[in-house]
Amino acid sequence: MSAGLARRTVAEALGTALLLAAVVGSGIMGERLAGGNVAIALLANSIATGAVLAALTLTVGPLSGAHFNPVVTAVAAWQGELRRADVTAYVVAQLSGAVAGVAVANLMFGGPAFSVSRHVRQGGAQFFSEFIATFGLLFVIVGCSRMQPRLVAFAVGAYITAAYWFTGSTSFANPAVTLARSVSDTFTGIRPADVPVFVLAQLGGATAAAFLTRWLFPGTPPKEAG
Amino acid sequence: MSAGLARRTVAEALGTALLLAAVVGSGIMGERLAGGNVAIALLANSIATGAVLAALTLTVGPLSGAHFNPVVTAVAAWQGELRRADVTAYVVAQLSGAVAGVAVANLMFGGPAFSVSRHVRQGGAQFFSEFIATFGLLFVIVGCSRMQPRLVAFAVGAYITAAYWFTGSTSFANPAVTLARSVSDTFTGIRPADVPVFVLAQLGGATAAAFLTRWLFPGTPPKEAG
Amino acid sequence: MSAGLARRTVAEALGTALLLAAVVGSGIMGERLAGGNVAIALLANSIATGAVLAALTLTVGPLSGAHFNPVVTAVAAWQGELRRADVTAYVVAQLSGAVAGVAVANLMFGGPAFSVSRHVRQGGAQFFSEFIATFGLLFVIVGCSRMQPRLVAFAVGAYITAAYWFTGSTSFANPAVTLARSVSDTFTGIRPADVPVFVLAQLGGATAAAFLTRWLFPGTPPKEAG
Amino acid sequence: MSAGLARRTVAEALGTALLLAAVVGSGIMGERLAGGNVAIALLANSIATGAVLAALTLTVGPLSGAHFNPVVTAVAAWQGELRRADVTAYVVAQLSGAVAGVAVANLMFGGPAFSVSRHVRQGGAQFFSEFIATFGLLFVIVGCSRMQPRLVAFAVGAYITAAYWFTGSTSFANPAVTLARSVSDTFTGIRPADVPVFVLAQLGGATAAAFLTRWLFPGTPPKEAG
């Protein structure tokens, strides 16, 4: 493993861990404090998630790409922006980081490191929501990365804050996130039995976006100042 | 149709579809979760809309201009920033995308693809609100596009989040958005009978802004780094 | 009057009008919808105000400086960044725009154009709050304008959103805004009798910041890319 | 003391004072208005804190570095970005500014300048939360400063808004902030007896981040446009 790849995979693992800590942690805090008003809990959860995603993308974007998401990594490799030999290391780092981040969140709120979620998330509307959520995410990431890469952190953070609200599933849009959220029986959890369908929908949305954006945004990214 | 125009119109259709999905979808989610507190629902709706608008403008701005709005397209053509021959294709793309986006939102929340809105929005204050909302939107878009084009996504997203709150009509400010919102009988809907007056007010506000900004911001946009 | 000054004063008048429409309008909407929870109303009011201020500063900043505030104009002139001959025109534009903006807000919500506020805002803590609010505002504007002028819109918008919450007076910090808010008997109003003390505190805070920042940020702004 | 150091320490003192005024002041306002819903109070508190932190970092970042935090200063010195001889002056400025800022907040809301907090914050989950909060903060600051320094204000503001929600302790992450918050018996206070453990956790998190980021982000920051 080259030194470069080691640093990039640690960046992906750490970034994904902090992302999951924020997703799950802010869900716990939101639900605890909101006095039963789920909209207020989701407002906190969505603002915290979008904000931390922007911050982490600004932090490691120039180093690893700040994917934090296996389908983003897959699309980047398919479109020639990441060496295919690096894909496995990236995905392993993201999955490990995501699970570790959930443990961090659970422990920060005094719970056990892991607990199996009982939050049911199923049905056609949920499947369609995850397809759309992931399609939109990849559309934004690929488009903005090609046209104005230094601003992609803002685009991704803003998109996710919005997508928590406008999709019926609150926009998981990420297989590593989905898997990891199954081991926290809290506000943002998902029942393990519902994970495969969510991941399938995410793969579908990402595939559609990969083909579309290859046609829509051809060529290499423009050079930016600096 | 040139390849360039095909890509640009797809970008406009897709962007407008995701914008409408976000407007209508976050309205449904907000109303469902807010427990009757309309301010909390509108807070979610306004933050989600502004955030997704910024994200989509960052994504396709350099490709199509990210108008997502027939009056923005009309003013851009009148001020020489879009070929007049492209206007029809842009507007058809925006209208189709908007209607499709509403169906996506309705389906993501388990409803029928379309339902006729019964949300009454009429009266002089609503008309005046739409005039001001659209005037302000065009003022911000034209001014910021001329002076510092790479930041227009932030200006437009911030303006719309604010305008949801400071206009009596919650700022539709867009004929394609207005028309499409008439086919969702949910939080952000508008009764079809009220659409024409809204569109008339929007045309008035856009016309006023077009003349004013032509005088206020003459000349071509400055070159920006990159 | 040179053509340049005409355009710049119209930009100041229009920007200040839209700023006041947003301040007062979002206050009315917030109070109407919040069901008695003042924190939710203020959250909407503070987010809308900060967002519109950032949008308007991005729009006319390169043209007129986007002061929208007599004390900002005065400090800019004193520090050599605006011709002293232009000060009167700027201040007249700001005051006229502010009053017009309040009428726009009142009319958008179906009220009379003007109504005298009965909102009592007095006492030492309010005076001290306005001193601090204005001191901080000028500190941010002058510092950020000198060091990284293209980002001042973000700094000012963020500061005002925060200052609505962290000052006991909700941070008027602007004599034109203060005067204009006395003619709207709504959420953001101020009793005319309380205006002079607020303005006095604002002048004090601005004067302190003017001297301090002249020492703290000497020299001319750095050239930025573009 | 060189003129440069005098200006930089005043910038650190003033920035830290305004930061604490915002943290404590928005906590008081939030609690007063939220009608017992702690989530709404924390939403206001977290948005105000993140926004003011971004604004202040944009204002004095190019002058002093905008540390506002002894552990940030320590890590910067250790990594060679600040002269070690300047560390004491920076830390004294931060501590003095923080305490002064708390007094400003208390006085703006009509309370006594200082009052000893009775807010209990103790236990392993709180300790672990502060370790993670500070680790993440330093990770973001060092990484973003190295890779794209002009955007660090946005990264830090966004991170702190999120960390208020995703850590069990609401993320103090700063010894000067922690100490100062012990002398305000309000929403954001901390009992003096709990301060040492919080500071210990913060030192641990900062140390871990310092070693990790030295390996992860080697070399000097890239030159940016302007």
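Order as written gives the chain letters A, B, C and D; numbering starts at 1 within each chain.
As a convention for this text, a contact is a pair of C-beta atoms (placed from the backbone, for glycine too) under 8 Å apart; a residue touches a chain by one contact, two chains touch by 3 or more.
These figures come from a predicted structure and were not determined experimentally.
Enquirer: Which chain's centre, taken as the mean of its Cα atoms, is farthest from the centre of chain C?
Expert: A
Enquirer: Do chain A and chain B face each other with the same patch, meaning over half of the contact numbers show up on both, or with different patches?
Expert: Homomeric contact, different residues on each side for the most part.
Enquirer: Rounded to the nearest 5 degrees, what is the angle of the rotation that puts chain C onto chain D, matching CA atoms?
Expert: Answer in degrees: 90, to the nearest 5.
Enquirer: When the centre of a chain is set as the mean of its C-alpha atoms, what distance in Å lies between chain A and chain B?
Expert: That gives a centre separation of 27 Å.
Enquirer: Determine the centre-to-centre distance between chain B and chain D, using the mean Cα coordinates as centres, and give it in whole Å.
Expert: That pair's centroid distance is 38 Å.
Enquirer: Mark out which residues of chain A touch at least two other chains, giving numbers and ranges.
Expert: In chain A, 37, 40, 43, 47, 154, 225 touch at least two other chains.
Enquirer: Which stretch or stretches of chain D touch chain C in the complex?
Expert: Within the complex, chain D contacts chain C at residues 7, 10-11, 14, 18, 21-26, 29-30, 33-35, 37, 40-41, 43-45, 47-49, 51-52, 54-56, 58-63, 104-105, 107-110, 150, 153-154, 157, 225-226.
Enquirer: Would you mind writing out the residues of chain A in touch with chain B in their complex?
Expert: 36-40, 42-43, 46-47, 50, 123-125, 128-129, 132, 136, 139-140, 143-144, 147-148, 151-152, 154-156, 158-159, 161-169, 212, 215-217, 222-225
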